[in-house]
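Before I ask anything, let me first share the structure, which is written out below as structure tokens.
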Amino acid sequence: MASIDIAEVRKSFLSTHVLHGINLSIHDGEFVVLVGPSGCGKSTLLRMIAGLEEVTAGEIRIAGRRVNELEPKDRDIAMVFQSYALYPHMTVAENMSYSLRLRKTPRERIATAVNGAAAKLGLGPLLERRPRTLSGGQRQRVAMGRAIVRSPQAFLFDEPLSNLDARLREQMRAEIKMLHREIGATSIYVTHDQIEAMTLADRIVAMQGGLVQQVGRPLELYDRPANLFVAGFIGSPAMNMFAGTYRGGGAAAAIAVPGGVLLALSNSLQVAEGTAVTVGVRPEHVTIAPPGSEGLAHRVELVEPTGLGLIIHFKAFGTDFKAFTLDRSDIAIGDTVTVCVAPRHLHVFDAGTETRLN
Amino acid sequence: MASIDIAEVRKSFLSTHVLHGINLSIHDGEFVVLVGPSGCGKSTLLRMIAGLEEVTAGEIRIAGRRVNELEPKDRDIAMVFQSYALYPHMTVAENMSYSLRLRKTPRERIATAVNGAAAKLGLGPLLERRPRTLSGGQRQRVAMGRAIVRSPQAFLFDEPLSNLDARLREQMRAEIKMLHREIGATSIYVTHDQIEAMTLADRIVAMQGGLVQQVGRPLELYDRPANLFVAGFIGSPAMNMFAGTYRGGGAAAAIAVPGGVLLALSNSLQVAEGTAVTVGVRPEHVTIAPPGSEGLAHRVELVEPTGLGLIIHFKAFGTDFKAFTLDRSDIAIGDTVTVCVAPRHLHVFDAGTETRLN
Amino acid sequence: MRRPRRATLAVAHRLAILAYIIFALFPLFWLLKVSVTPNDLLYSEGIRMWPSQMTLDHYRFVLRHSDFPLFFRNSVIVSGSTSVIVTLLAAAAGYAMSRFVFRGKIWIVGLMLLTQMFPLVMLVAPIFRMLAPLGLTNSLGGLIIVYVAFNVPFATFLMQSFFDGIPRELDEAAMIDGATRFMAFRRIILPLTLPGLAATMGFVFTAAWSELLFALMLISSTDASTFPVGLLSFVSKFSVDFGQMMAAGVMALIPACLFFLFIQRYLVQGLTAGAVKG
Amino acid sequence: MRRPRRATLAVAHRLAILAYIIFALFPLFWLLKVSVTPNDLLYSEGIRMWPSQMTLDHYRFVLRHSDFPLFFRNSVIVSGSTSVIVTLLAAAAGYAMSRFVFRGKIWIVGLMLLTQMFPLVMLVAPIFRMLAPLGLTNSLGGLIIVYVAFNVPFATFLMQSFFDGIPRELDEAAMIDGATRFMAFRRIILPLTLPGLAATMGFVFTAAWSELLFALMLISSTDASTFPVGLLSFVSKFSVDFGQMMAAGVMALIPACLFFLFIQRYLVQGLTAGAVKG
């Protein structure tokens, strides 16, 4: 277990700049998730920590020691790959013990470590099997086992669940989280799946375009996204967004939106009257009021049942607007519904800089 | 627009049997989703309807006409592929008009059709671009446009959204649904994603192991899954399942579960006393009661915040049990919670045949 | 392992590449050098990197007073026809191998490999016996037939791998759009395989261009001789006229160079794609 | 297009395959037939599919009274050494080409292609001049050196494509597990490329086995002659002794057949994987 410090790290491939100065401190025992769309640089950053990519500029420290120039084998980290990268010509036990055998660990200690890890992951009966005879979930477990056996300073995960089906992904996600609770090792986990990030992370690092967009606890990112990217990326169904203009001159601060409506804000903003803003509202915070209630009336364009609840689409504020409700109400396409949003659920962003204003 | 009838259709590749007798009637204008895990035969069935795979046995009829022996080009269907399969050496307009040009449609009618489809899909400014210069979402739209231009008898979709990121998938899903409302053509859509199936389908066909497991409206499958497979496949977070024994002898029907607890049922079942059953409960129907309430007390093992709500894991009835709540309660790992489930939310399946009993 | 070690590796790596390039280019350079060295300097300055005097006499002589222009023409006809015919056949066969699954595919591939391993020398006599009654010995036509027969298997293999690289869904989309299998092949798949066709054609062209055994054995008259046979005649002479031979050799390289320039951009595309992915 | 049309296509397809097999197998069959036909029947029964009498006399003569056992031994030494050396070099170079990105990669590949297109005939004289002072003409060692030099580029290409098929993540997993790059190569990647190594080795072996030009030009003594040169000597004779030549030819096929049997299961694996995917 060790802390990992990343200072002003940059990465270029020939003339392509992939990372533009990343700063990040990961505490001992913390579970940090790097999340972002493909091409955001998250995997490159992970691979630089692992030593699989050279550092163009900046410094990476593991347990306080600069590792920029160290070979992967000398960094004492373990990695779980997206493809699992199990050695096809070795049995499960040989896969798991390979790192210890390379280190000339005594045979009894290898056996203890392998059996311990196998017991933790329920791999006992599979130890003599070859990877190709295993199911996807079992391979994933073997890849985890290979990492655990060594008790490394840190675990690195590169989208380890993305080759599994939805059901198994949900289950393995919980298992990884419980395993982390048990072992407590520093972990860095890369994913493009915001639900995985939300449920696994102690802290999420949201990345886009080679830059860190926000770092924080999962519900911090969900409740107070720092900019439009994080607001749109985190949460499903995705946040509704629409353009507006700030009106702070009168008695109460408000946002003027297309259609001549004023949305009241709970606090006034530190921006000039008339600033162009983008307003965000999560679908679950859009309330469908009983008929006859005060509020804005809209025609329902589409109703999507997810089982858990309904996603109701209507045109509002010049955009396709979604409301999410757990009620199985009888709302149908063509109905007119009254919609309201509480001021505390409005997220306001500067339309130019895209950063959060409230 | 046409109906599609599938009668006792079977498919074998050499000695591998992929489909074991499929019967299905798709009505004119209906949107049917074939859903199931990979390898269930859903894509093979779609490809047989398209004429890309030969029919080993049985009959496929489009608009009442047997098409088993027809070439794909003579079936008057359009297909959207997972990889989009756009012709890389043609512009967007050429891609969209290719089928009409093959049919020697007059040039003015081609232009009208292409411009109409482009307008519907917002492809107007892209008509002269080549596919490789487009983003994933734009390519998806071109593939849709290529299908629409022809006004075919039926649309076939082969996992058309699985190459897009989560956000775009959500958006395109709604667009496909709205497009179907507008055009009203018979559509068959293949996916492995149960949320897509739930939100898009007029009727869902759940498949596994080359067999149809259940056919019905989305909420029918969600509320009354016909067997364990459908129960586990539809819904996220996935349904909790545990073993029990039927007790119908006394005053009220109930299920005895490990730990000596009796779960009351709302109706008695048509099975013998002592039948081994599997009980399912959806996580959102598991209620965390206020402290001090009557019910079963359990220690919380894991809390997963999804943003929308919390998934709370605890050990119950000999399994990892999940509850889903929209409340951001302060429940933490190690807390003891009281849990209750309403009898009407219990799904009971025969442990042997795996079919629904209640 | 600290940075100095890595730097050493990088330098060693680059040196190895440089050595390879020199090794590969040296014969070319030597060829060029000898071809412009006057005969009287060839032995006296044999080890110098570049002669003190240059001359184009060898080229002039070869072009004006030898049969090489004729050999060149013959080689162009034979190699050109062979490469076109083989490429057409291989495209059709390769497409079938790529798109259709059938029993015995493995055995066909096995046979194709086996025929590639045949010591061709053994076939000279039977082929001569087959062609003679048809009047196809001593004729460019006979040579073309033989070259086609021997080049089709590998070319098919090559074309198959190119077709394998084009998603099957494109054929299927075209067939659903209203094309027959053949139209899908001709209008959608073939245009996308142009680099592959060019590579195959180039491969076959150069193979035919440099083939010696059958060209030597099936042809006895100078009228139908090809370039390699002409070059060999230099060696067979009592005294080798290196200057002229090398001048002719440089000319022999012309089609190969043209071909490389021609397919260069396809190669760059292919390699760059691979590099970005990796 | 109704079913009958489809059935016709299927039949045509199968007939085409059959024709191909017959075409590919016929020379083999002919070879075998002539090799067991007694000399007196060779011309009288020339067009019969199988002679009325069979004899192994040709084999006996070739084995006992000719230099073919010696040629066979020489060929085995040359081809064996060449294939082992080339495969080792190509494995190292192919791994580097597959795993490392470096500037100029495209030019190296271009050079490799260019050297493949070289009419080898032109290099005979310079190579002879280079090897003679070192005493490497008329020696199997010289031949091995030449064959290695000419086979390394394509073999490297081949090995690169095999390494490209093995995910990079396996090297990386091994390096994170504590291996150096070289150990990852030797202990993880190389064992997984065994089919590729076998294929490359077989390819080089058969290329060297059937090479004629340099074997003819660099070697003049019978002691160091290889099989193809021996076979050619039959042709050069005033009257060709077909029976003996074909008997020798059948023997020449032995290593190719052994090799095919040896790599057959790897081929089956590879092709089956492709078929299931398709």
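Chains here go by letter, A, B, C and D, matching the order in which they are written, and residues are numbered from 1 within each.
Just so we're on the same page, a contact is a pair of C-beta atoms (placed from the backbone, for glycine too) under 8 Å apart; a residue touches a chain by one contact, two chains touch by 3 or more.
Being a predicted model, the structure only gives us computed values, none of them experimental.
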Legend entry - Touching both subunit B and subunit D (chains): A, C
Inset, instruction - Skim through the chains and flag the pair connected by the most C-beta pairs in contact. - result: C-D
Inset, instruction - List the centre-to-centre spacing of subunit A and subunit B in whole Å, with centres computed as mean CA coordinates. - result: 25
Legend entry - Length of the line joining the C-alpha centres of subunit C and subunit D, rounded to whole Å: 18
Inset, instruction - Let me have the rounded angstrom distance from the C-alpha centre of subunit A over to the C-alpha centre of subunit C, please. - result: 53
Legend entry - Set of subunit B residues in contact with two or more other chains: 71
Inset, instruction - Going through subunit D residue by residue, note those that touch at least 2 other chains and give them in order. - result: 1, 180
Legend entry - In the complex with subunit A, residue positions of subunit B that touch it: 37-38, 165-167, 170-171, 173-174, 177-178, 181, 192-195, 198-200, 218-219, 222, 232-238, 284, 301-302, 304-308, 311, 313, 320, 324, 326, 328, 333
Legend entry - Contacting residues of subunit A [partner subunit D, same complex]: 50-52, 71-73, 77-79, 81-83, 85-89, 98-99, 102-103, 146, 150
Legend entry - In the complex, subunit C residues that touch subunit D: 1, 13-14, 17, 20-21, 24-25, 27-28, 30-31, 34, 96, 98-102, 104-126, 153, 164, 168, 180, 202, 206, 209-210, 212-213, 217, 227-228, 231-232, 234-235, 240, 242, 245-246, 248-249, 252-253, 256-257, 259-260, 264, 267-268, 271-272, 274-275, 278
Legend entry - Footprint of subunit B on subunit C - complex, ascending: 167, 169-170, 172-180, 183, 188, 191-192
